[in-house]
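Have a look at this one before I ask anything.
Chain naming follows the written order as A, B and C, and within any one chain the residues start at number 1.
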């Protein structure tokens, strides 16, 4: 709409010392019906549920660190956190981009269906748990039980992975450059084929990660848990 | 189910601010534990042992208590009252006689130690911090807890921290699944918990291990072997504090360290007001790993 | 022939034919038995309670003329748009996947005609049920299959499922789930595989975390939708108190007779507490917190008749929820399919292998030929009729006790036929003023 052009460059400031969380999120959720496309959230002080339920092509910069579920269920928006995030960042994201300059606590990108989550620091345990199509790129390390029951999508880790990586994995692809402390049940190392190198190269580029695809190993599901076999019963 | 905070100062000049910093941390964790709150403060050491007692009727219970105790012991006793709590200082050799005297008068002993004082009550953390004047307290380190009671009663005695030996205190976030069995084992060893609370069982377990000769690190490691369920423990001693999480480690825990302090919080937001937090090293304790800081 | 008198062949009570058959089955397959439905063992139930009725000391209401209201509003605590139902009976969560599309449509049609709500399940929201349900509760489950913010916003309420009565604390592996192409697509799973299900939510554990999760859900949906928390009957006093503290608008409490699409038989029969035994501790927790009637309590697990409804309400529930009974109303386990049940090695009333997808009644299946057996319009009408009967029966009993609203039924209107029921429901044994466990007994 031509009428919105004049306001496009304006950044709306949402200062959490001045306004409540409800007003912050309501403003962002109303964005499609306003002229604003850029927002900055200040004084977050580790608050929960910041910038959740967005559904517009807007850009939100969160200055500081957040608590649980930052950018939860995001659709289309770009959310950039300059600090660290608490548990469940971008949980159940559908589309859009979430970038975290610092570290992420447990459950980063849990159950998310789409979009790109970039963590510049480390992610702790259960990164990508039950992921259903999201792409996650972690520049640092990830903690234990990451990609537990991961169904779809790609998890890229430039650093090391903790215990039980990819336990009970379905069809998600895991790419790790560093060491893996241990693999979970039914997760195995797999051959890196040309198609995987292409996927990885694209994800690394989109995540601003300086790494070579051929330095990574690929892990995936052995698919032995897909159909019950009494001789594998101890893996359950 | 709860919120935990802990602060261990590395520098002397911050000591007067300990209570103030800890109060902000504690109040931030109110949502995680609105039922009750408690703190253990490791303050100045005096000439004797401090005994923190609690009474629901402090006006009558504490009236003349120090004189009566002094007469009984034939030794000097000092008393500092603080709302429902009072801290009595007695000579070390008089501890046993003091305990018997206080219990006979119906007072609840919250904790004993050379440095530690414990204050806990039901109610919102903000109100609990205010009624005890937490902000004005100084010290070297302290641990706080906000409680959402799971399976035991919302009472003063059910609040954390639990102290089951001198200068030891324990707070817990999670829920233990074998505490009833452990309670029976500990009772046979003479470390019977006084409440139905699962955390007190863990505190008694650690005290029993230390009494048997384990050091604190070994005792905390022992919780990984012998206690089942979900837990993040933060433990205070006279000279330090320790942290351990269960192997599954799905209850939240985050730590921050600067040149000035080490801080523990159930959530990052507990740290938001700490000085220099933006440049602190912030990390999450690993599962099944014991962390310990000592001065 | 030997004429010596013989001892009668004697079957062991401990090692009965049924038990031995199960031992042989386990030895052959190496895997526990998976089935649908709830506990089949006999447990103390609403049948063991009776209403006293009015006589000289109380005055009854005239049936059909003097009104006896049945409306209930769920979600009055925090939600800006609570759910108003005409009857205190809702349809419990059952997934698309476990049920066919037409079966979900029929549930929506029947519930809407009767003025009540229906509930999604583990597998996302389908157009069939959203389109045909005037009021739809969207379940938020550990698997998060099909979970998305658009459906969250078009739901009328959100039910965070912590547990269910058939398997409190349950998760594990469900063999042979009928993961067809459509179900697989909705769940982001490969087609035709066994399904593993998690017992805890992937991104929170415990009530202190749940409080934050609820905050997020409310922020995403502008604080409009009531948030239900569904718990299995385990430790109802504590679990209800913690649900209130975590911020629930409504608590759904499912006793051990509550059904499931599929889980281990050992779980169904050996974990959880009977519905009858769950209600009083739950209500006491609400009363202790000053939240009875402010946070509404919905009870489910074995509700079959208007008498069951009335008794649950009298013990303090605000509403009940039905699952198995609704499926039977649609046509599940109907004797007209007896030959086909026999071919499956079972019989009418005993068929419970819903997860295998071969349901002759066409309800718990994704097989196109079987699915076509269920006419959603006709089945929806049967459900409407059944819901109406439950309501009329409940009103009949309430009027007999002199109540102009079914919510005015109270525990003191009841007596128990057995000591067990008296103890569990905390009402006196009939003809006495003895409540086991009260007054020093």
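In the analysis below, a residue touches a chain if its C-beta (ideal position, glycine included) is under 8 Å from a C-beta of that chain, and two chains touch if they have at least 3 such contacts.
Protein identities per chain, from UniProt: A = Glutamate synthase domain-containing protein 3; B = N-methylglutamate synthase subunit A; C = N-methylglutamate synthase subunit C.
Because the structure is a prediction, the values reported are computed rather than measured.
Q: Could you tell me which chain lies farthest from chain C when each chain's centre is the average position of its Cα atoms?
A: B
Q: Which chain pair racks up the highest number of C-beta contacts?
A: Chain pair with the maximum contact count: A-C.
Q: Between chain A and chain B, what is the gap in Å from one C-alpha centre to the other?
A: One centre to the other, that is 37 Å.
Q: Using mean C-alpha positions as chain centres, tell me how far chain B is from chain C in Å, no decimals.
A: 43
Q: Would you please write down the residue numbers of chain A that are in contact with two or more other chains?
A: 48, 67-68, 87, 106, 126
Q: Residues of chain B that touch two or more other chains: which are they?
A: 250, 252
Q: Give me the residues of chain C that touch two or more other chains.
A: 209, 212
Q: Under the stated contact criterion, what part of chain C meets chain A in this complex?
A: 29-31, 143-144, 147-149, 152, 172-173, 175, 187-190, 193-194, 196, 198, 202-204, 209, 212-213, 215-216, 219-223
Q: Over in the complex, which chain A residues touch chain B? Could you list them?
A: It comes out as residues 45-48, 65-68, 83-84, 86-87, 102-103, 105-106, 122, 124-126, 143-144.
Q: Help me check something: in the complex, which residues belonging to chain B touch chain C?
A: 1-3, 31-35, 148-151, 173-175, 230, 250-252, 266
Q: Which residues of chain C touch chain B in the complex?
A: Touch list, chain C to chain B: 200, 205-209, 211-212, 235, 238, 241-242, 245.
Q: Taking the touch rule as given, give the residues of chain A at its contact with chain C in the complex, in rising order.
A: 21-22, 25-26, 29, 48-49, 52-53, 55, 67-69, 72-73, 75, 87-88, 91-92, 94, 106-107, 110-111, 113, 126, 129-130, 132-133, 148-149, 151-152, 168, 170-171, 225-228, 230, 233, 236
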